[in-house]
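Chain nomenclature is as follows: A, B and C, assigned in order of appearance, with residue numbering initiated at 1 for each chain independently.
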């Protein structure tokens, strides 16, 4: 657990931390609390469209790396809660480039807002920012390091469908080496008993020894498989796209692109839930989209109530 | 008439469609309904500044092509109705470029919002998006194809001043070949009886045979004229700028730029209303601006109540 | 005093002008009124987070030059007052570049909003815009010319701490030649009696003869000093960064960068308040940050209530 400077005028009853920077903060107990608040937020969207819960707050959205998906999801969460918003977007063209430090920037933005959401290309920037900020801080992705709100969304989606986060037979693919989504989700789920993880994908993109060691240390069974048949009793397949630039040559990339791709026949009647943090490129055929176990768009839609819950809880309002 | 997937939880009493993608959807009956709601919105802005009508809704603004004018007009409409807003701007620097399809993008944004407004460079993108979206969709310009809200604004402006959309003697210039504003407005007005259209401008930029054939098929008289004198009983002149890149050489462009330009003497005491979708470059001299029949800035201002009306009607709230 | 076109439907009881474009408009009497309203706004943020004062208004933010700092501060001010907002950002990629005049642009934006805030690279653009606009206009920086809201923030910060704006012993550094912040603040403070200004910094960046003449004409004592010791009875040091591109060669720049820099030993126990319009680069060591007289982050935080006061007063709502 990380500890951050506590602001004087903000008390926060539901969470033992003031800022969320890492999926390591997401213990089973905290996740359970999140799910309860997220369910309430989803019901409020459904019933009322928008609620007044944060209409006395201002949310700062600092996206120093392009990410329309996460950006729009946080915007929607803030707007559904009627919070005010201030933006700094496209930092490459802003005054933030003049040599100002991240610390100075955060000290300024904390004066303009009640909570800060930041995406930043630099690994570790979230911890620096959270350590400085007097107002609560949310890491919306810091380089290849962490993206804890994605892990919350993914866990919420699985729990919503399966009713549990333990005793699950889960496939992760296809870039387990570099995907911060796979890292975060597998670490979160490794806290629960009886899960079995099968990592599949190109040889070059197998999970790191360190990740495997950490997961196995929790007692979670981890398997590396060249190929997987989703009809063999898997509960969840969590897949992401292959990135061409990771491959030495186009021929090998093309071979892998063809091989690591879910077609309708792979998914239909498997009973296995298909998740994808999106954007989807070639890893799932569009023929899969209308199958009942294709969950990726529903998963994306959970981003709004999950982030509403997080904003409200960190502001002591949930 | 186009038909789109109907969402389960949205009923829409005032319009026979869920999304607006084409000026072909704008029948005289629908236009009349629009004008009534637009008048009400204009009165509400005047009296109250902003109204609560959409304060339980979130509007997504997807501008994948620069268009501050249309973008700001839609923002103002949404804010005057107290709707929440989510943005994706400057898509060239966003994750939307990673190879994700427009279909996937819309499926994501529909989860973040209650209605989607999109400008996109690709002709036909609006129909694709409207066909996918579960929430109402508005085309804010798809390449050289359609810009139906501009046609609504133009028709509203003429009706406001003349009290009718029929029996009008209208000049269109100066680029009738490529202007989607001229295409859309002429098609809309060709549904009314007794209109006469005179197209003027450089030879190179005369309307296409297809447009002329379509307009004439409605019984509308269409004339091509090298020159026009606005004092010869014209009711409306709808002009736009010439684009230098359309001309083979600078000399021909310069000659046309000088010739197709409204000066004060052309407009004063003509009784002819001057409209321009803006931006104005050289097609109207600034000496014209303070004449009572110079309507282009008033026309721009109608963008807000027209778009308020559209948002409210498509959301079943007007 | 400048005079602008008065709109018919806006009365403005607290200010003798409709638009703020220059620090020359900021007389001691007006500044005093501002301070009273700013104090009220600061108390409202503290007590309520956001207030309904401008919830019937729409603020247009036109930032045609990157300035995340000023932009976010104005956004926060508008959101704390629950005003609606419309944006045009990154104008380099917008339709505003197509050759449209600033005059036409303002005529359009005034139809989308109730007040316009603009930053523009071109010196004098603010006066052009304010002269055209039917709605109140605020200059958020026009090239090297004026940035009157920064002067208000700086004066407010000094007054908050010292209880007065007269009889102050003030150091200005380190680029007094080109800093519009130093120009504006020194001109504002020269209206008060008994102030003494010491300009320090590289020889190349001394204040212009014209500025010195203007300041001395008010009776303000002005001194040029190669070096200054803050322990010699100074009340305020207002410093900004040196810009490398202003120097002929890197060696001279580097020498000046080392010399004109406040370290902890320079500031501690001096009793001199340290202000900086930010961003801070090398002009103040981070060791200074936690000293009680390091005021620059508090100064930045005053930007929100100061701009709230200005928006409210220009809209006749304070």
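Throughout what follows, contacts are C-beta pairs under 8 Å (C-beta built on N, C-alpha and C of every residue); 3 or more make two chains touch, one makes a residue touch a chain.
Quantities reported herein were computed from a predicted structural model and do not represent experimental measurements.
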| item | value |
| --- | --- |
| Touch-based graph of the chains, sorted into line, ring, star, complete or other | complete |
| Relative orientation of copies subunit A and subunit C, as a Cα rotation angle in degrees, nearest 5 | 120 |
| Where subunit A and subunit B are represented by their mean Cα positions, the distance between them in whole Å | 40 |
| Touching two or more other chains - residues of subunit B | 89-90 |
| Of all residues in subunit B, those that touch subunit C in their complex | 48-50, 66-69, 71-73, 75-76, 79-80, 82, 89-90, 278-281, 286, 297, 300-301, 303-304 |
| Partner subunit A, residues of subunit B touching it in the complex | 55-58, 60, 84-91, 93-96, 98-101, 103-104, 107-109, 111-114 |
